[in-house]
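The structure's right below; bear with me while I get my questions together.
Here the chain labels run A, B, C and D in written order, and each chain numbers its own residues starting at 1.
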Amino acid sequence: MTVAMEGFTHLIPHAAGHEIIRQGRKDLHVVRMTPDVVFDQLIGAGCVRKLTFSWGGNPGVGSLHRFRDAVENDWPHKIEIEEHSHAGMAARYVAGASGLPFGILRGYLGTDLVGRHAGIKTVDCPFTGERLAAIQALNPDVSVIHAQRADRDGNVQIWGLIGVQKEAVLSAQVAIATVEEIVDTLSPVPGAVVLPSWVMGAVACVPRGAHPSFAMGYSERDNAFYQGWDAVSADRDKFREWIQTHVLSSADHAEMLASLREAGDILV
Amino acid sequence: MTVAMEGFTHLIPHAAGHEIIRQGRKDLHVVRMTPDVVFDQLIGAGCVRKLTFSWGGNPGVGSLHRFRDAVENDWPHKIEIEEHSHAGMAARYVAGASGLPFGILRGYLGTDLVGRHAGIKTVDCPFTGERLAAIQALNPDVSVIHAQRADRDGNVQIWGLIGVQKEAVLSAQVAIATVEEIVDTLSPVPGAVVLPSWVMGAVACVPRGAHPSFAMGYSERDNAFYQGWDAVSADRDKFREWIQTHVLSSADHAEMLASLREAGDILV
Amino acid sequence: MQKCSRHCGKLETSLSDTKVTADDVMIVNAARVLSQLAAAGRATCFVGIGLPSTAANLARRLSSPPPILIYESGCIGSKPTRLPLSIGDGELGDTADAVVSVPEIFAYWLQAGRIDVGFLGGAQLDRLGNINSTVIGNYDSPKTRLPGAGGAPEIAASAGQVMVIMRQSKRAFVEKCDFRTSVGFGDGAGHREKLGLRGGGTRLVITDLGLLEPRAGSCELVMTHLHPGVTREQCVDSTGWQLQFADDLKLTPAVSSDELEELRRVQSGARR
Amino acid sequence: MQKCSRHCGKLETSLSDTKVTADDVMIVNAARVLSQLAAAGRATCFVGIGLPSTAANLARRLSSPPPILIYESGCIGSKPTRLPLSIGDGELGDTADAVVSVPEIFAYWLQAGRIDVGFLGGAQLDRLGNINSTVIGNYDSPKTRLPGAGGAPEIAASAGQVMVIMRQSKRAFVEKCDFRTSVGFGDGAGHREKLGLRGGGTRLVITDLGLLEPRAGSCELVMTHLHPGVTREQCVDSTGWQLQFADDLKLTPAVSSDELEELRRVQSGARR
């Protein structure tokens, strides 16, 4: 099963990632442009068979140690990686959301990213003869996002940095959103995108479901958590203990946040 | 010179069209998805050498008589037409705005629109082998839009039905906006698109510059004008007289609106 | 007793106008089909101007859950409380769940297969459900230049099903369109698949005389329903090809007084 | 007298810290170039995290008109009053002229050629300006797995010019990258054109030792400027290819007290 989880520097669906770990899902093909801490956790917890991505780091901090340990040392097991650029991934979601089998792009040509997997080819412009990169459409089985609000009908509203979430939802077979809040009516917000309820498979209310990422208008980014993750994830045992203590021993996200707060690992 | 004028059922740049007639421009290649009354006037006034479009009618009323007279009877002279579908034109603007030489589309195949001009071809998906329509990018020399507001730096703000205006501006060599109002600061508006000043070639303040179309938040659509246009445009002499009386005898749009009001041709 | 009139519905309508026009019959039948689809599950409907908009808005008032209206101007889930005057009517945006750009409505919503029903009209319809809205006569020196394609070709390509609303006449219902603007079943069975068109094609034609549907196998449009008071002969005389009738030819129910009353409300611009 | 230090700038900085670090020298030189471009006309700059963001924000304070900052998170024309903590910092959206989606920022803004300057870094840079930010060693069993491409390949393809900011060392400045993530001049003169890349490629490399620029004809990166106090020998010893020097090798001006003061303000998170 291919599961995309999107949110570009904002609204990252961490709570949904923890629930995947809690449910013991294995053998997943996970997709995310920027597999940061949430995917480091999924990889280290052994949920991942294959990772499709375009930038895998801890933003502003450094390496994703679980990601590196999997790629460099096959720990906890070997994972397959499929690597793209941001522009390529974005174009793949756009093609998928548009019902097209491929998209075109000025990029990739001349780089060593070409030829590593079957998803990047070339196409010649039938008008100018120019050779361009052709990228395969992305249509995940499931896409998961975190959003600010939904109304009682399930219409989902996102604002601020909107990233690639609309395309992730519209390219998927089934789309799931966790939201900060469920309201009676979605009042208009400048810069907001609304995804109508009939394109959503499920909506769940999970306040602070993006932590340590943020939800504009609801929470701030927990920069200290990202910094602290470096030491936790650098060590296999520390990582396992952290997952056990905070994720597996918590029944849900509220309990997990309480557990982090108790451990002093969360500042807000 | 290729001049696109966009605004889909809203914010149609009529005042800019009248100024083209007033300046006696000839031999233009004009482009518009829905060449309604404004292009009927340009065609009848003899400004147009070639028309590229996807739907040419008087919305909710009937025929564009000047357009039909040009195509059916070469009056006032023969014009070349290049015909697309809405989806095809939209994809052409998207490709142009994206710096791509072409775009792809599920559509056109099996229709008689294919083969009438060189702008619609096919391309085979390098992944699935499916045959898709390929459309040539559109990059007008000039694109003209009407918008609600600009700030003093020339940042342009549009809201409501936003149509294809962003793509028209970003695909053009030079973009021009007429606006209802120039303000000190663009306060955020739900659903608004902002085009930064550095992609705009010029911004001119022309209140009610969309009449008989409308600008959400500023004016209503003048439905009676659209209905009345049917009789004016159905007759060559009446049309010429109308252009002379209202467009050519007015120095600018304010004078033109006054002239229409005096003639009882404008209700608001 | 209802009488099918071919009188043009362009006069001003009033709430007390109880005469059922040809347009009324077409609108009510279109609204019924849309209501049935909506009641059977979700029905997203791509709405153009004119009769389809009236039909879709009538269906919104008659069915629960109502169909979801999508306009090519970018409005998704519009819930107008009065009949919009044009597809650019501010009411459509104000009451929509979301307003998107024109490129997006065609790419992410129509082309991606998210539209269940598309209404189309045209100047000519042929026996294989193909539609002409471009020219009568020769393309390069046309007898009549029509508005052209608009959104129709891609609605015909990608909508789950297309419903055509057109008055039936020899002039309009032709053996072969002068120009194929939108593909119904193309050259016949299997042609849509060969072209890679993912939508279902012309599944229903609603006329002032009755309903036509494609025959399984040949895809030829045949009369499956007559409106009350309409004869087979009228249909044959109003069709430019050798019209066939379904073995189990049915009658559409007469326009009810409730339907007519609600339609008159819609047409009068009354708010809901 | 300024001394070029190779000391890492990761310690907490304070306004009173007058010691000029290697990072400071790189940031100030990057900000100067960007300021000059902005002063000479419009300069739109695609900004990543880290040193480039600091340099771009310093340039915004030092030049009039300031450069226009564009972030891959979709922020166009951000005018942060304090240094953003990440490219997802709310301040970037709040102070932007427009916020767009990630697909749009790459298609309509970067790919379309609307970006004048793109800053890039990486683990390896080769003599032809190509960049590796993917792996050290073999791709399938890497010695070190790096974060990967991100926005870099298309910035390198489409930005009017690319400025690379990297510390100069034999390990990082290599004859040939282990993996070519982003194309500078590819295999040499004419290769970009052959690939159809529309941007200008790696036009300037800003290091802790000086500046490198491509030599006309060969496109090989050569030292064109040394920072004050740096020797040719230091440069040669810190470069993995046989480094050449421009005939008119110049000195960069020392970091001025004004520049340093403003930089410290930026780094301290002071609002403007």
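Just so we're on the same page, contacts are C-beta pairs under 8 Å (C-beta built on N, C-alpha and C of every residue); 3 or more make two chains touch, one makes a residue touch a chain.
Since the model is a prediction, treat every value here as computed from it, not as a measurement.
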item	value
Chain-contact steps, minimal, separating chain C from chain B	1
Between the pairs B-D and A-D, the one where more C-beta pairs touch	A-D
Distance between chain centroids, defined by C-alpha means - chain A, chain C (Å)	42
Separation of mean Cα positions, chain D and chain A [Å, integer]	28
Approximate Å spacing (C-alpha centroids) for the pair chain C, chain D	58
Multi-partner residues of chain A (at least 2 other chains)	99-100, 106, 130, 132, 166-167, 191
Contacts with 2+ other chains: residues of chain D	107, 111, 158, 198
Arrangement of touching chains [line / ring / star / complete / other]	other
Which chain pairs touch, all of them	A-B, A-C, A-D, B-C, B-D
Residue ranges of chain B in contact with chain C within the complex	8-10, 33-34, 53-57, 59-60, 63-64, 67-68, 71-72, 83-88, 90-91, 93-94, 105-113, 116, 130-132, 160-164, 166-167, 191, 213-214, 216, 220-221, 223
Complex interface listing, chain B residues touching chain D	97-100, 155, 166-167, 170, 193-199
Interface residues, chain C side, partner chain B - complex	49-50, 72-75, 85-90, 92-93, 99, 101-103, 106-107, 110-111, 134, 139, 142-145, 147-154, 157-158, 179-183, 186, 191-192, 195-198
Residues of chain A defined as touching chain B within the complex	99-104, 106, 118-119, 121-123, 125-128, 130, 132, 134, 136-137, 188-192
In the complex with chain A, residue positions of chain C that touch it	42, 44, 68, 76-77, 97-98, 107-108, 111-114, 158, 198
